[in-house]
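By written order: A, B, C, D, E and F. Residues from 1 in each chain.
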């Protein structure tokens, strides 16, 4: 992909990751029924891009919608949510869907999201064309959030990260990896990483969660994740990066002690939930060393940020808490 | 009343209820001693309007103040709080007063508010002229908030909605109706409506409370109420509408699944308590099908919004969760 | 009544109130379906005694049952719960009933209890014969517990104490008095007493609640009430006494700083809820200066205790925290 | 098995399930290092019985131990905990083990338990001879407890119930069924049952968990489970029964509204954690219609109770809350 | 001291510490006004023993009382609490006093206790004769509990352990050492030990606190301390031992992973607060290698236990978690 | 000092304290590594000013940095945190440092701050030149915050205020004074002031903490402090003033019932923690009756405000809650 959205680093800036000057790229009223559009995922598709978007409606019901873009910045989101067909018979229908991720793997686009099943867990579905969608069995028992698939099979098996949770706002949370031979039955659960101590890296000391779909680099899988601190005025979500071992991706090689982005623009600090940066996807132009990160801001809008992959890799290695 | 504040729907907007372009109409420093002016009630009075305003002073003590306006937008609030005289002897004096509502009923203006009586409960008073005020016995035992009277007797009895609460920030709350033959003794308590489930209408899934004084339409009593969601960064208050049965107003006929207004302007999102829209009154021009809603914003200022009554009735019926 | 249950003070004891040596008098399996029988109320009736008993069944559903006794110690409780007929039409049926009190007033036996109405509140009913029972409108809005009527009208009005609560285990609670002209509409709510400070009287520092029906003495109305301390292993309930003003019974004249009874027998310390003494009734033999107190023990069984009224009055006055 | 432990129903008792008169059968100091022995599982083995026992040591570290008995009542528990060998390479070692269940399935004895893996989840192991034990991959991601396998494959797949939890004392909890083709990867998660409402069956209104290994009857799979109520003095655990559909065991056909056993003997009411009855196993003599239930009491000792299977089935059907 | 209370180890017992067969030695009603007598301290005095006792009165007000004994088992406690005279002028009077410790140091008996000073902190006083008592300045700012002095100056300074706390039941807690040149000003605060992890030693995983006054052995200072686990039914307190460095007593050399005593007798399991063993003092007969430990049981009574010092030292070293 | 930063009161304003029109004076990115710069302290130094600044880095690790300014408005903060040398041997190193205060006393600049020592407590250090810094023993046991020294010895002793806390966000908090003969050992702890009641002054009803270093006036020591209210959306911090007795500064003579400043500018309302005004220092020009207050805003930036000392003294006396 060589046409990802891009804007050069602002003059004078030394930031490893910098924001798009025209953020947010998708506003809360992007479709007629939406209360907010955020925490959404995009992939290259045909000559442009496709995506799956979290649009809460004005009853604040959570659902996911398909959308399309030529340039990755200007998006046309469908007016109606994705209407999944059952892949397996006897499946359980979820109460709600939110926080999707999308990954192309083998022959199709896999979608994972937070699925309501007497509590949140990880839903799985797929599409070949972003028109017809199929829903599979959910991966795990509740309570779980932030399920993110790797874009390749590992040792012949699908690999998915997730964050075991509770049935509320969950004031704790580690990232685990699980494996599956068939995308239906899951096991070989491995603990990957925990929140840090308050003194070592307070922005990620309450809980962490997988963010964007990892992509492969010479150093391993590079992923953007979120970390949370519980302030006296609620949770604050910021973004870091981590490098996972290429062959055993449940092994975390590096992980940033500093954040890469923290809420400091008004659209990140003010909204339905203040002080949230929540990465769900990235687009890579490996040839040109570029990456564009998509993140939800303040649980209200979608924004993007840019960086050079090699710089981010170096930064992650040189500022690693591991 | 045919001179209520009014501004037409903005071009291109499809909102059923829209904000005044000059919001907020009352700022936090509207009187010299005020920290904030919000959650306040207005009624037609003589050739213009009168109101009872919640003005927290700079010690953040809560009290209610009378105010007057010719146009319903520009208000002159008295510098001193209402000095109630006792209607009954042996009454208990409250510790504080907040969140007033006003209704004209029979021969006088009745005021209800949240009265401190070893915890919050519903205070009742009245005035004929907004100069001299009388305080009656409180309606209920603590802990209660959001007492709203109907503007007519029902079957010969006064009818008041309220929201039983606890002694803190109350993470639950249903609306009940109670009846009284004499505005002093209350009974016949009826449950009216509960918070919704998270999946059906999350903006009102934590608690709800009566808002503006209901007014009669062909469909029943139309009332604007608030609903609350408990996010990981605290409570968010939005506004919906409900239609109550004309003769048995404790029966809820319709209730909006979507909100009508949610905090999305900076004066609603940022203030002493962020993300609050709290309706306490409306003015109707029934002849011209218009309604103007008064609401507190961010527990800091007063704002207004407009709508056509028939559209709101249709919206409420067509988007009802009941 | 001169045949109340009685046993003299044990030799060597200096206790103002002492337990029956054969406690508990009613066991948890007193009726075939019962999980527990406790927190129950008795009154003189015909030549003996009648009572209303809280019997939780083996599904731990709470309900109240009539029972009869010749001697006040050996009780025959009906196998089926009381089947109330509606006194008023349009009444709301409660979800559950517990913690009854009974009082003879004017021409009938009034029963009050904790009634489930989207949360606990105070149910009211009456009977003339303990065979046919009628249920009236509930007195208050939820959340409320421990509604206790006075056995005389005060200034022409019924008078009831209660303890405003929350919808859980309620870690706070004061006693209020309310008045009613007709047992249907209630008002004139007066704060009576609060928990004490931890340093002054820790056994009643978390919450308090009205217990037995007060009876008139030369000093005023004498009532046994419960006080609660929140230990690191949960709530502990003990019993004190209070004397209320004869004419204005919402005025508390005296109230014991020490408890009269605290859980120290195994049937009070061990049971469905450990460490609970919960008085709900007393029988008086005024001529002989005797009182017999009925209390629930460990939320499992019924026990009784005895005392001389004059001694209790003196103790209450001489050890008053007021 | 026709020699299960047995004692006839006490004279005069109408209880469907009754306790052994010599309870507890295993005391807290059953092995030299034990603080407590409870929540343990037994199966027929050779000419007698074998079991896996939760013995917390005097550092209150949790581990599981093998034990043997000729009569099912007198047990010899090994002094040292089970030393599992890894079935799969790369497995993660747990921090602790507790609350085992054992089931014979196909050719071996499968053991499931609560395994510490950065929080509790479900460990799986097996043995052929109760001498050599193998540990497999854990079934699920944390946080989970009460994993109970069915003793037959269902539609060619292993079936396991569990109770998703949080990382503390978990004040909620439903039972789910999951399926696996190979005892390694799990999916097809199905919600089975939830806690009841407070008013319908308070003893099981906070959380529930699978208990004994189900066994097949004409009516379906019969299982004893625990239900929990959160009192003001902590959790109380009682025991009910449920009948699951034979072919689709995630479908609950019947479930007792009343409990079968609730803490009412001193060894159930007093101990390391008071008021706990926690069933983990049963032994059946189908020919003679008898079942013996093994349960932990007060988190301190092991006790047993008896019943006739047909009576329990009838009771469950006739007193079902479903 | 060679006449400490003593009873040999029961036949067959292998316990390092064993209980007195006539426990409890002091009942809850030991003095006329007492609700409970527990968590108390004793020292050799003249030809016998003296002590300072926590007696909560029947208002459950906490205070400390002097008492005397010839044999250390049968105690005569004064009817009135200790009446302290001010050592320094301008001192602040506490609201309450509880959990005393006593130590002879230099020329007098020093008493430390939990002193109410807008929250609990450590009070200090002294006596020469257990008749006249002087109160000094409190050692620390609130919130603090379990202040225990060493019986010798360390490097010319007084040394006191304590457990910083919060203003409630404190679900955390480490032991620190502080030093003072003059018993008035304190500093050089050193962290000594923390609760253990749940998996390593659950009985002491929530909080710990200094218990008895340490005494010097060849291995260092031997102290009995309490550890707490937070069960689903509240806190459970057990007792362990620790050996502190002789010259730098804030350095913990050994600390038992297993407990020495856990609540398992009915007087420890049932009482005002169930499941509490709380050591506050020990008497040593160094010549004969004997120690007698005094502990509060169930926050209700005083009990004692015995052991051989050399065995306890060995056990502590051989079972140390450090 | 006659060159403190200054800007006259805005026209039309009647505020006793008013903000600088160019606030904030220090932005969150003031040094390359900083996430935020706030809650910082300044003093006159040589011909200008020096300060100690709380700069959280981008790992959100808290540390304190020296900085310098000619005019008190434009600051140059060092890129690296202060590197303290040990004053005493055997000192314990803290985990983190935040919220510094600075005071010149006798011959040097003393610095106090919140020091991580298994929880927050009060660190002490000093410098003569803001180049070389020495760290002393921490003053108190954890948990403590907001340690503020007086700029003179009182009766020959150092005097420090502090706010005993818990190990989290501390929903309570009073101010105490402690004294020390040598800045190493502390005692004579005196309670100074508590939060107010909700009805009297809600902005300071949850907790309070010492703010700026007091300075001496004819009325006593004038100090700016913070007060906190716990809203349904978290804590809000505002600023008041208090006058302490000159000779016995633990005696509070006056204390403002109204706040002097409350979050109402966007840089105070929006940031890492919204709605925070946190004063840590003031500069006085006594000759010209001027004071400049330095405060952290929204836990993100540094701002200043101005006032006339005599006006503030009068306001504090005339609006005192004491």
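The rule is simple: contacts are C-beta pairs under 8 Å (C-beta built on N, C-alpha and C of every residue); 3 or more make two chains touch, one makes a residue touch a chain.
Quantities reported herein were computed from a predicted structural model and do not represent experimental measurements.
K.L.:
Moving only between chains that touch, what is the shortest number of steps from subunit B to subunit E?
P.N.:
Step count on the best path from subunit B to subunit E: 2.
K.L.:
To the nearest 5 degrees, please report the angle of the rotation taking subunit A's Cα atoms onto subunit B.
P.N.:
120
K.L.:
With residue numbering as the guide, point to the option in A-D, E-F or A-B that repeats A-F in over half of the contact pairs.
P.N.:
More than half of its contact pairs match A-F, so it is A-B.
K.L.:
Using C-alpha centres only, name the chain that sits farthest from subunit A.
P.N.:
Result for max centroid distance from subunit A is chain C.
K.L.:
Over half of interface residue numbers shared between subunit D and subunit E means same, under half means different, so which is it?
P.N.:
different
K.L.:
Looking at CA centres, what chain is most distant from subunit F?
P.N.:
D
K.L.:
Subunit B to subunit F: how many Å between their CA centres?
P.N.:
Using C-alpha averages as centres, the distance is 41 Å.
K.L.:
Give me the residue numbers in subunit B that touch at least two other chains, ranges are fine.
P.N.:
Residues 233-234, 270, 274-275 of subunit B each touch two or more of the other chains.
K.L.:
Drawing the touching chains as a network, do you get a line, a ring, a star, a complete graph or other?
P.N.:
If you draw each chain as a dot and join those that touch, the picture is no line, ring, star or complete graph.
K.L.:
What pairs of chains are touching here?
P.N.:
Contacting pairs: A-B, A-D, A-F, B-C, B-F, C-D, C-E, D-E, E-F.
K.L.:
Across the complex, what residues on subunit F touch subunit E?
P.N.:
88, 90, 92, 117-119, 121, 137-144, 162, 164, 166-167, 172, 174, 176, 178-182, 184-191, 194
K.L.:
Which part of subunit B faces subunit F closely enough to touch in the complex?
P.N.:
28, 32, 35, 56-62, 95-96, 116, 169, 233-235, 270-275, 299
K.L.:
List the residues on subunit F that touch subunit B in their complex, please.
P.N.:
14, 198-203, 229, 231-234, 236, 257-259, 262-264, 266, 269-270, 274-275, 319, 321
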